[in-house]
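Structures are listed in the sections that come next.
One chain, subunit A, appears in both complexes that follow, with subunit B as partner in the first and subunit C in the second.
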Partner chain A sequence: MTSLPKTPPAKRLGLVIDLDTCVGCHACAVNCKEWNTGGYPAPLSDPDPYGAAPEGVWLNRIHGFEATPESGDGRTVHFPKSCLHCQDAPCVTVCPTGASYKREEDGIVLVREDLCIGCKLCSWACPYGAREYDGMTGVMKKCTLCIDRIYNDNLDEVDRVPACVSTCPASARHFGDFNDPDSNVSRLTAEREGMDLMPELGCQPTNKYLPPRPRRTESATAELPTAEGGFLGWVDKLLSR
Partner chain B sequence: MHPAYSVIFFTTASGAGYGLLVLLGIGAPLKLLPTDRWFGLSGLVLALGLITFGLLASTYHLGHPERAWRAMSQWRSSWLSREGVAALATYVPAGLFFIGWVFLDRTDGFWGLMGVLSAVGGFVTVWCTGKIYATLKAIPRWNNGWTVPIYQLLSLASGALLASLLAALFGGAGLTWPLGIALIAGFASWASKAAYWSYIDKQQPRATIESATGLGRFGQVSLIEPPHTEPNYLQKEMGFQVARKHSLKLRRLAHLVGFAVPLALAIVAVYAVPALALLAAAAAMAAGLLVERWLFFAEARHTQSLYYGEKAV
Partner chain C sequence: MSRVPIDLSPPVSDTVKTTTCYMCACRCGIRVHLKDGQVRYIEGNRAHPVNKGVLCAKGSAGIMQHYSPARLSKPLKRVGERGSGRFEAIEWDEALALATGWLGAIRERDPKQLAFFTGRDQSQALTGWWASQFGTPNYAAHGGFCSVNMAAGGIYTIGGSFWEFGEPDWEHAEYFMMFGVAEDHDSNPIKAGLAKLKARGAKIVAVNPVRTGYGAIADEWLGVTPGGDGLLILSLCHELLRAGRVDLEWMLDYSNAGWLVLDEDGLFARDGDGKPLCWDRATNSARPAAGSEVQPAPKGRFTLPDGRTARPSFEIMAERYADARYAPDAVAERAGVSAATIRRIAAELAAAAFDSDLAIEQPWTDTHGRKHERMVGRPVSIHAMRGISAHVNGFHTCRALHLLQMLLGAVDRPGSYRYKPPFPRPAPPGPKPAGRPDQIAPGQPMPGPPLGFTAGPEDLILADDGAPQRIDHAFSWEAPVSAHGMMHTVIGNAVRGDPYRIDTLFMYMANMAWNSAMNSAETIDMLTAKDDDGGYKIPHIIYSDAYFSEMVAYADLILPDTTYLERWDCISLLDRPISDADGVADAIRQPIATPDRDVRPFQDVLIEIGARLGLPGLVDDEGQARYPNGYADYLVGHERKPGVGSLAGWRGHDGSKQGVGAPNPKQLEAYTENDCHWRLELAPNQRYYRYANQAYLDWSAALGFIDHAERITLQLYSEPMQRFRRAAEGHGEIQPPEHLRQRVKDYFDPLPIWYAPFEDAGAGDDFPLHAVTQRPMAMYHAWGSQNAWLRQIHAANRLYMSRKLAAKLDIADDDWVWVESRKGQVKAQARLMDGVNDHTVWTWNAIGKRAGAWNLGEGAPESTKGFLLNHLIDDLQSGTSYANADPVTGQAAWYDLRVRVRKAGVTEQGTSAPQFATLQRPPGMAPAPDTLQYGKPKTGAVT
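Here is the complex of A and B:
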């Protein structure tokens, strides 16, 4: 059923992405592709992977932005983007077949691939460009929040997080339940003023982005050690002769 | 947005077909059109042929056309599903209307009611088509009050032009009513389309690269590094550039071939050589509407392109 859940999901699982610590290494995208091309949405097709123009389906992509103030230095920000699992998900309600749905228990937005007719309308409805059509299998692919990891009893408990979270070397991605005010993601969002992307579109994304922290300025203006007096002063004097 | 040929043919062909069905379904029971069975046969074959051709064309852009029947199921939430349901449901009264008019030579009573119901079905289907586009918040150039009425008016104008052409070919009886509708709907859609183009040119951006990234607090934002070396599905489907380059020329072409020429020829048809003038008018409008529909897709910009370098959408 492509109507949104009537009662808000009990859990609201999602990600917090820290734009301050992301180093732009693309490991999350690579591990996402590696896991999911054999997981729930398998395969994530790559037509012509070794050709001159390799392209394919990715559920997570890392963009690079630069913010330039009117004066002073600009900021370079690595910007990972995957499905935000919106609370008011327009990609779900436009689906004509019931393939696209939002889970009542945890709010995860999924595609039932055996119902998908590949009309692509959900990818038009998503303001964020989170869904990618797979031309080789003829169906729509999207982030599953690694549904086949987070509930997987065969994995050690520490690994029951999305592939992108488990692999991030900078701990820039965090997974948890936003309905629990004590969860890591809720606390991070509160402490660091986690923000919604394009809130003006009204989709109420679940995933939050932590803005880069204000830059420290004291290091640039701090006094460097000078060679006056003491042992260094004596060496300086000696060598300056 | 990428202008898929299948969707362009679908919306223009079935739009004209449904418009013609509306005219036939109302005109025949009210005797505003010729009621003889040969007129009914050619009119309904043309209308249902265009509709069916359009619907079949629309399945060509699907990844799994064999599953298209599933699209009937989600009419509670999805305008695309409602369009499918309305399109299929319309065949029922249209089929009975056909039987009554062509085989029984009757367009009154129950059979006339079937005509009116097919007209309602045609109107509702085109309404749903417009709504599919008009409800996409991520595409501000569609998500506005112009989209649905323009789809409706263009369907009516092109359908009425076809009805007039048929009436002229059948000797000119009952030409006044469809030709009148063709002219009214034609001028109304022309004015609406001109107003739409001026509206989208002045439209305030709905979202910016700053709001899309949340980085506006640090200054002006620009993309310095795309996520990959080759264009991906999102850029090909929603970052279409070709028409924007030529959009002013193409708009002029649509004004001329889609509206000015066919409407001038329709006025000529009031006075002389109606069949010839209306045939040329219908051909011109068909070509013009293909350009108009191509532009409708190609000029539309999607908020996701903010993540690929666009500054404001």
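Here is the complex of A and C:
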């Protein structure tokens, strides 16, 4: 068993993901892969990169599905998923070695690869399926919120955000401190009614998802009235204005 | 637990270099981080006008493209039969001598025996010019099977077009319609723009048979039936006209709506100086329409001083679309959109355009010298791409879209479609194509470019007997306005000898033996077809590519290209610019890495071959190479006309000139110091109404984009179309041959028309379904499949269909099915969904790969489960010898495909069909690695 921080972390860093503008382009997933395969959790192995089963390690994956109600219009939803950095993280408490831990400073959930024995208990415990076992290195990998970017003095301040946030073409990803009520993520969550993923499980995920905005289907007039004056009669009226 | 020490500030890279992405045609600015001599990370460049710092999945996967195991490594000479894959690695000297030998002989004999075609290339300003210097008219890039309908439809109508020559006003649009936009083009700006629209609460309507990607986040999805978009659009026009919700004053001011069309010939009435006339309501007389005081009448029949009668084009247009055949009830079934929805969308468009109080408080002056206090908005933006383009009716459908924009007054006004400089240009602009028989001579260059814009029969490129003169039949009566050429016809025509045989096919980045041909299997047969004497019907094939694509096996000589991170390159205003609506921009690529293989940039090679051949422009007066350092020299030193070259920034001896100026030897340095791009922003008074905005037009002329700072009149009524039609009606010296007369008469209507795709005829019960492809956002054409990361996202494509259709066909998710067309059959695995038109099946484009190609291993899903729809598409129109293409522009009609689908048998499960023999790796190419741990620390192993 591994303990969570005794006192809640001072900062609560995480992501807001906007399902209203996510077009499912995979930009975040691939930029995450390229940053992290050479970053803190390096490498993110690809055991069969050019063969019959190309399935490697990704810390962020995009799921697409359709929702079709009994009546009314259906919709296609793109749903990016990575570690949600839960406050009550079952992947931490289940860890037998202390490898899986939640940082006291900012609440980020990380894996100490030197302590990880690859038992995969954490991936069984995570209800979101957000952990990625790297069979080639024998250890568990996961989203680090780009811990080697967000505090990195070698980067311009504007770049000190996770790679997925920095690269998202649709501005669907936001990074910040949920403990700060004035942060962009807190404001977005309040304004757009940001949601927890499966709150009933009690994990208290940090990341929030913004639901799609209501669709604009209203119409001022369902049909244009025929212009007075018959065919092109309206032209005279227009020109005499 | 206690705090764990972590290095929070590791050095990211040793150096960062900027360049331009080439993972698709979007051309974003990138920052490439290098560490220990390797590419560590590629990110978007915040300072770049295209992507402003973001980067898509493809761009981020550039590392894997750069290090792909499918990279070619040395020139190759074929030693076995074509297609056998047996090659011998040779030195560059031998390769260049071979190429020069073949080409030199052709040039001295008959230059048009060289067919030089490039694929999704971005150096057409060089390649087209090179073809002219060589003296062959047989040149084009891939536009003919991509989106020439979008380009021509726009350029002939509004003097600009969607995507590269225009964009929605993302900042002000309140209503946005996307037509047939697959999930790219232009990739990042659209995503960023959609997010802006969503944040502002603008309404987004996606018109597409499939609801994916951008369409997924639209407020409304109209699942149009393929080929029916034109009906939907013209029905919207019908509704606006019925209600009189039309921006009449604006149209009379800025389009040719008020120009008089003669009853006798359908051409514009003109005065003695050739100036088009209108009927001036103020003086009740015919006067030049361009005059500043005239008040053009939009309706009526008027008698000119010479007794001829004429009507304003507006009235002819209004009469046409007021007809009941364009009423929503009449079009709903074929369009695939209900009549009530069409009526409602028309009402919404009218409300958005005319009830908005959007205006930018910015004075501006028009070309008549009239001062306007503000720029009045019409916040309806429209964007369209290949989905409406790749049909035989695509040109007219695109014209219809521009008509809709004009009725709404929504062209280059706040909130509407906006031009990107150097557009607008006159509709159509110069220059004309060269290549007539009198312009081709042994050992001589052509006097003009091989591609251009025809405005009437006299501009066609015809043989002396009126038959096609070009190998691709471009600019012939089969496709008189084929402004981008017709690459999709070249191989078939060359093999059939129609109109003649060629000696050498020289191609760059065009995977014609696979997904870049309409009928891939047949094309393979044609590439290997022999004459009775045992020689190949296409005697020589030279191919340049950086990668082991399917096409490699079918060439005789391979000139291996570099990756996009290993060369100088240019995104030129002379070709396909990267401007945005508020500024003009161009860019370069600079070498980030040195090739570790014996490869050379294609553009360098082309310039060297040109010098070896002694082509004018490529050698100096002494016959020495003019650009000894290749493309980098050319980019700086070449002048298209005095002061105008490949790059517009930092011209003049000291780099102080923009647009026009003497070559600057330090120009490339200036670009690299400025993140590899140049952008000049427009002043606030130059940003809208640019067809008649004097300040803008002065600027445009000063920069050399247009010849004269004169008003550009939008062409509601297209006189060039009517000129071609007149010829078909028996007028003039140049007339179509009898077998094409009716076709030209039918399809060269000066106003947009809709006609059923030719493939619809006879499809009926046999092939009741439409079949189209889209490309996924994370993959672009063939290049992606060798990419270790991108192929983890898309390794095999499915055949998608609606649940309703599947139920009717008794097909379940994951079932294997046969898809059959009049041309052939393919086997694929089905995936059911809801967001697709019930009469349409679709799949991702170019995911399917031939076994062995791209250095993929045995059992790669791309070949075992992936498939191409291409095998089902005929390259010829049924029962004819004409291309399966738009009769106006020659645009390949991929999306007209009709099919039927049936369940595969129990013994036919598990593998896609057709399957082809596995391609063998060329010499020098190692097997792809079994595993990959890119970025694994070299020291201090991961613990």
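What we mean here is this: the second predicted complex is superposed on the first by the 217 of 241 C-alpha atoms of A that agree within 3 Å, B and C clash if a C-alpha of one lies under 4 Å from a C-alpha of the other, contacts with A are read in each partner's own complex, and residues count from 1 in each chain.
The rule is short, and it goes like this: a residue touches a chain if its C-beta (ideal position, glycine included) is under 8 Å from a C-beta of that chain, and two chains touch if they have at least 3 such contacts.
What you are looking at is a predicted structure, and each value in this text was computed from that prediction instead of being measured.
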On the A-aligned overlay, A:V158 touches which partner chain: subunit B = first, subunit C = second, or both, or neither? second
Just to be sure I read the superposition right, which of the two partners does A:E105 touch: subunit B = first, subunit C = second, or both, or neither? second
Which partner does A:E34 contact after superposing on A: first (subunit B), second (subunit C), both, neither? second
Check the contacts made with subunit A and report whether subunit B or subunit C touches more of its residues. C
With the two structures laid over each other on chain A, which partner does A:P181 touch: subunit B (first), subunit C (second), both, or neither? neither
Touching partner for A:T97 - first (subunit B), second (subunit C), both, neither: first
Answer with first, second, both or neither: which of subunit B and subunit C does A:G230 touch in the superposed model? neither
Does subunit B (first) or subunit C (second) touch A:I147, or do both, or does neither? second
First (subunit B), second (subunit C), both or neither touched by A:S123: first
Can you list the residues of subunit A that meet both subunit B and subunit C? 2-3, 24, 29, 54-55, 58, 64, 66, 68, 74-77, 98, 137, 139, 212
The answer for subunit A against subunit B in the complex is residues 1-4, 19, 24, 29, 53-55, 57-58, 61-70, 74-77, 79, 81, 90, 92-99, 115-121, 123-129, 132-135, 137-139, 195-203, 209, 211-212
Would you tell me which residues of subunit A are touching subunit C in their complex? 2-3, 5, 20-27, 29-31, 33-35, 37-40, 42-52, 54-56, 58, 64, 66, 68, 73-78, 98, 101, 103-105, 110, 112-114, 136-137, 139, 147-148, 151-155, 158, 163, 166-172, 212-213, 215-217, 219-227, 229, 231-232, 234-235, 237-239
Could you please specify the touching residues of subunit B with respect to subunit A in the complex? 1, 61-65, 67-68, 70-74, 76-81, 84, 132, 135-139, 206-207, 209, 211-234, 237-238, 302-308
Could you please specify the touching residues of subunit C with respect to subunit A in the complex? 1, 3-4, 6-12, 35, 40-44, 46, 51, 53-61, 63, 69, 183, 187-188, 191-192, 194-195, 198-199, 201, 203, 211-217, 219-221, 239-240, 242-245, 248-249, 281, 298-299, 315, 318-319, 322, 340, 343-344, 346-348, 350-351, 355, 777-778, 786, 788-793, 795, 833-835, 855-861, 864, 928-937, 942-943
